[in-house]
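Two complexes follow with chain A in common, the first pairing it with chain B and the second with chain C.
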Partner chain A sequence: MTEKSRFEIVREGARKDGIEIVHYESQFAPGSKTENRMVRIVAFFFLLSGFAGLAFVAAYVWWPFTDFPSVDGWEYAPGNSPMKGFTPILGLTLGVTLLALGLGILTWGKKLMPHEIAIQERHVGGSSPEERKLTGNTLAFIGQEFGLSRRPLLKVALAAPAAGLGAAALAVPVGMLIKDPHHPDIFFTTGFNPVNNNGKPVRLMREDNTYIRPEDVSVGGQITAFPATADGHGASNKYADSPVLLIHLRQQDADHLRGQLQNHSQNKLQNPSDPNSGGMYGNLVAYSKICTHAGCPASLYEQQTNKLLCPCHQSQFLITENARPVFGPATRRLPMLPIGLDEEGFLYAKSDFGGVPVGPAFWEKPEA
Partner chain B sequence: MKRRKLDVKQLPAKVAGEVDDRFHAATPLRGILNKVFPDHWSFLLGEIALFSFIVLLLTGTFLALFFEPSMQEVVYDGSYTPLRGMHMSRAFETSLELSFDVRGGLIMRQMHHWAALLFMAAIVIHMCRIFFTGAFRKPRELNWILGMLMFWLGFLEGFAGYSLPDDALSGTGLRIASAIMLSIPIVGSWVTTSLFGGEFPGEIILERFYILHVFLLPLVLLTLITVHIGLVFIQKHTQWPGPGRTNNNVVGERFVPRYTIKQAGFFMMVFGVIALMGGLFQINPIWLFGPYEAAVVSAGSQPDWYVMFLDGSTRLMPAWEIRAFGYTIPPLLWPTVVLPGILTVVPMLYPWIEARFTKDRGHHNLLQRPRDMPERTGFGVASITFYLVLALSGGNDVIADKFHISLNAMTWAGRIGLLVLPPLGYYLGRRIALGLQQHDREVLAHGVETGIIKLLPNGQYVEVHQPLAPVDDHGHPEQLPYAGWTVPKKMNRLGALGPAIKGFFKPAEPASPPKTPPALPAKDKDKVH
Partner chain C sequence: MVSGSRTRRKVVSALRMLAALMLAGGIYTLISPGAAANNAPLSAAAQEGKELYASCISCHGENGQGVPDRGPSLVGVGSAAVEFQVETGRMPAAGQNAQIERKPPQFDTNQARQLGAYIQEQFGGGPQFPADFDSAVKNGDIARGGELFRINCSSCHAFSGGGGALSSGKFAPSLAESSARDIYGAMLTGPQNMPVFGDNQLTPEQKYDVIAYVQTLQSDVDPGGWGLGRFGPTTEGIAIFLFGMVALAFAALWIAGKS
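Showing the complex of A and B:
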């Protein structure tokens, strides 16, 4: 052994594991100019990495961003300021630290370490028949040791804890999580339901909790309206299914829509001589903003064509034909919120979308 | 008593001896150190996913120290002045604090997001490599399935993380997710209300997603990653065919040191690239999107890239609603529940489907080049085409806007393209594979084109070919077998050009004669495929 070089010992050890090192060669002659050059390159990368790391720490500590280490009373200044450079300088210095370290390590491994080709035998296929037989019988014997086939009562008895424990394990998480969607019937009510306003009809309001008068919406214009609920949170995500788009149609479009509505069971004129006796008030009409396809707010209103487009999946609804889906994946009309004018001159919801569920369809949703 | 002098030189050997006394580690340790790994750039794609995952764990831990997944409504009064006075959830407020008040918080957020995108991208590219080279064949079917599972787990993990800041985009994504759950027949509404704890959005969903995102899903992913790599270790990595490489051996480098050190360097490179991206490229600027409000969405809102194909399938789906016996099956079900279901099950079964067609049930440790399996390549190109049509359709509104195309035309182009382009992809992929294979065979039979034109006595011009095999007495080259590996096609590849000279301004050393390739043992040479 003493005469053998260490490499020979390594080679012998590898052979014991079925590995043959068939080729092992330094890429440069030891001490040659090219090798020294490589050593200098590796050292350069490591030095660069170290300096970039120090630069990262310096930037992290001293670059003006927050009132480091205390952040009280600090304000972000929009516009051009050195603050804008903080994250980029951190990324740049950290990136250089890591990349230079990586390049240094890679150059060391790829260039300075001897190149080798080793061949390891690979065992193809399963174990030997002998081994399979031994293990297979061991497994089969374990089954025998339980003796279930000889003791049928145990087989039956074992089902009891399996069923009981399984049911218990299922019951707790399911019981914890489960929420009945129909008691109360949350899919069929929105913030415009009078229960949210102490039983009184719910007014329409803007996001800033101010009520809306008909003259607030100019002809051809539209605003997003929310339910003016008693709790004052009508515009919050608590009533995420409630926002409507209140549109002031031009005269001929409004007449067209009123004519269209006569073919529908809901929102048509109750009294043909009174244009406000249907779902519209004057030329104002309110449609649910929640797309009937996937629930995004259908909020892009094209004034010239009276089409409402949902930016998520491009469903398009033709408002003048009672929000009929005319393009895209949506299959259902946007539900109309019937509106009227109360004695103080504010718009209010005559009913909660006439009981039509708002938003995406589901299994038990009735035909609308 | 005389104190024994500590012999520093003997210390490592002494410690190693003590360790082995206790753990009997010498033999297994040597086996691991010497284990041979084949090397090829394409084997490093999966590593990018692994390294991104490590960066995700590191940056994610930092973020978790400052983020609160609370949906409690607050009025913002923080350091980002444009949003002061806005109503928002505590989750969004802490995300803003992470971006503006926590020193270095923004780069951590951005690195986390970029690493997630890179993680998913590396998984997909790695999967393409496995598919096109046939690395999923027996005995590696289980690892193929694990990879597929990890893609979908990563998908869910990414979606949960995307939802957490509760900005306008993530809230819209959650709204669509709730609509997708609603579309499931029979139990849809029950599943939705149970998950959200009532009506969308409720007050609990972010806390549930948070525990999924920071604990459950990473734990499952980490376990699967460990099994995935463990199986590669046990089953040994596949290798490309080549001189000395057979189905029964692995030709490469020993695990330690050169292979390991290259991996360590590569990890630093991936980490460094993520750091550069996190610092220099802005991603998910939630302060510009604002908090989630049910009534607000902007045009051009796209999900993260790995969700885009499902967004696209949803956009392309025709408005077909099924109503029967008073119940509804919404059109949303098909592109978002049924399609992902098919895209999970069919690829998982693919190894067995292919084995059924090829009637090949053998063990395969040698990879195939895409050209050597034209049908599989064609099928792969068709699948990628299908995917690309869907992914592009996920951004069809942006394309329509930037290129001044009608949005409806984009949707129709997507619908038609989804049916027409994949078969075309299959045809082209298969023809290109066959053509490349044919050319390899041609070079093996006739040699490399030299570019030298010869005028024959009869006036005919012919190009001189350099045979790859020795020629017999009549000048005819020996027949070379087709080995499924690279065939040299240029004279330079045959050594017609001298070796590269090292040095920057001047040669570092006088040029050395070209090296001869290392000789391999004769018994391996004979076994070439």
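Showing the complex of A and C:
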């Protein structure tokens, strides 16, 4: 009986607002076969949504995929995708979750809510306290008309998409806390690590696998160098984080940089009388080509100003001050690759960037 | 007699000393490189260039030593740098800017080469164009040049040679107007902020390959519209799509209203 009287109150309230409800009718008789069928359809969509959300979580945790292209799968071949369907299955499950939830709500609104036609005159000014009370009742009535108390299946079914979506939303951030996504040491070593050359120091080479002599770079010139690893793939995507820019500075610029390096214990001269005992060889210096902001190749070298520019976000590094960032979003120096000359007259890396990780910041990156 | 023989001995030793000094001086004059260079006559082209150099003195100095805050020293820059700067109209410069830009040249090719010859011979040599440049440049391999261009040039001049921004108002210019000699000279000498690509780094043959590739890019004509550095007339495409779609929608409404 309360239902009837509540509707009367709502209608009365509407009248007071200048609204005349001229038509109000449920689409299906309450408890009728058709209504139950609609309820089941809505419930089916909600359950589907919930299951798809859980499937997303399951796929995120257990779907097999290759962690890092550099471990295997760095070379493109049909079917040799490092992800092997991981991304599509995530997209599919999350898509079904949202789509089914939307279809469930749509069906509910279109088929289970009563049809109503109301006419309202416009009025001026605010609402009286009485009207506000009426409005409160109206809202409560609408809530009642959703019919959650009458249709307990829907209440239970709604819990499914809530749980599924919630789990899907939580899976990624929680998953990252549970399983460290970083391959051991992958961000701390590059192709210049002697591990990649049977324990011997790694030479610098051009993209065509030829070694570099100091006289190959003109004064005021630069060349992109790659690690000459034992597997011969040094210039490939397998060592995509390793390329360096080898720069031949002018005499006074090189002297300035050597002075600057004295403040950096990593690359300062070990023997003050030997200019090659630090990170530089002669007036040659090698810096990581991977921008410390977002990992783009910073390779626009200005030979007069000695600035190295990154084309992606306009970061600028001043080479003569140990690649200090002087403009743009980058906040860290480009790491220097300490170089020397081996007995055959080729340039080689004295160490793997002195242990400094190249490229953008990451969670475990130590303060350099 | 005693005094006479002493006098004679003094005279003889003085003559001997004089002869030794003259011999040493003569040998020095013959073998000293600096003295010889100063006396060496300039070639005919360099003589012509010397006249033209009057236009350069105010900024580069009478002896090519440079003038502070005006122009750099030309000692050791070589003829290739001079020819590049003069033939592209960058020199004589209009003023001191972030970047000195290409403009219609003041000297013709011949005069540029004469200036180059003068600076090469007078102020100490530097990189030069190969003697057989004009015939050898035709042998460039476009495919290899494309590879070299993408590795060495594209980071600043963009994949299509359209150029791009550098720091503080400087920029890598478009290569659309560059002649083969311009491209070769720029690689060899590294004008302004461009890095130097010496012959140890890119051999002359590799430079010819790069030139062949750039010339292919130059011969590719944009199909029309605002090319956006060979990206294509996308702006026009978007405009046509947006305005065209709106026009079509209104046309449909109009037709529907009529019926």
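The rule we apply is simple: the second predicted complex is superposed on the first by the 185 of 368 C-alpha atoms of A that agree within 3 Å, B and C clash if a C-alpha of one lies under 4 Å from a C-alpha of the other, contacts with A are read in each partner's own complex, and residues count from 1 in each chain.
Convention: a contact is a pair of C-beta atoms (placed from the backbone, for glycine too) under 8 Å apart; a residue touches a chain by one contact, two chains touch by 3 or more.
From a predicted model like this one, the values you see are computed outputs, not experimental measurements.
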* Taking the superposition as given, does A:F327 touch the first partner, chain B, the second, chain C, both, or neither? -> both
* To do: May I ask you to decide whether A:E131 touches chain B, chain C, both, or neither, giving the answer as first, second, both or neither?
  => neither
* Asked: Does chain B (first) or chain C (second) touch A:S218, or do both, or does neither?
  -> second
* Asked: Taking the superposition as given, does A:K307 touch the first partner, chain B, the second, chain C, both, or neither?
  -> second
* To do: Determine, under the contact definition given at the top, whether A:I290 touches first (chain B), second (chain C), both, or neither.
  => first
* What is the contact status of A:L103 with respect to chain B (first) and chain C (second): first, second, both, or neither? -> first
* Asked: Between chain B (first) and chain C (second), which, if any, makes contact with A:S299: first, second, both or neither?
  -> both
* Greater chain A contact set [chain C / chain B] -> B
* Structure fact -> So the chain A residues that chain B and chain C both touch are 207, 224, 297, 299-300, 311, 314, 327
* Sort out for me which residues of chain C touch chain A in the complex. => 151, 155-156, 164-168, 170, 172, 190, 192-198, 200-201
* Asked: Which chain B residues qualify as touching chain A in the complex?
  -> 30-31, 34-36, 73, 79-82, 87, 100-101, 103-104, 106-107, 110-111, 171-172, 175-176, 178-180, 182-190, 192-201, 236, 244, 247-254, 257-258, 261-262, 264-269, 271-273, 275-280, 292-301, 311, 314-321, 323, 326-332, 335, 363, 365, 396-397, 407-408, 411, 502-503, 508-509, 518, 520-521, 524
* Structure fact -> Within their complex, chain A touches chain C through residues 207, 213, 215-224, 297, 299-305, 307, 309, 311, 314, 316, 327
* To do: Within their complex, state which residues of chain A touch chain B.
  => 13-14, 16-17, 19-23, 25, 32-34, 37, 60, 65-66, 68, 71, 74-76, 78, 86-92, 94-106, 108-110, 113-114, 116-122, 124-125, 177-182, 186-187, 207, 224, 226, 235-237, 239-243, 289-290, 293-297, 299-300, 311-315, 325, 327-332, 359-367
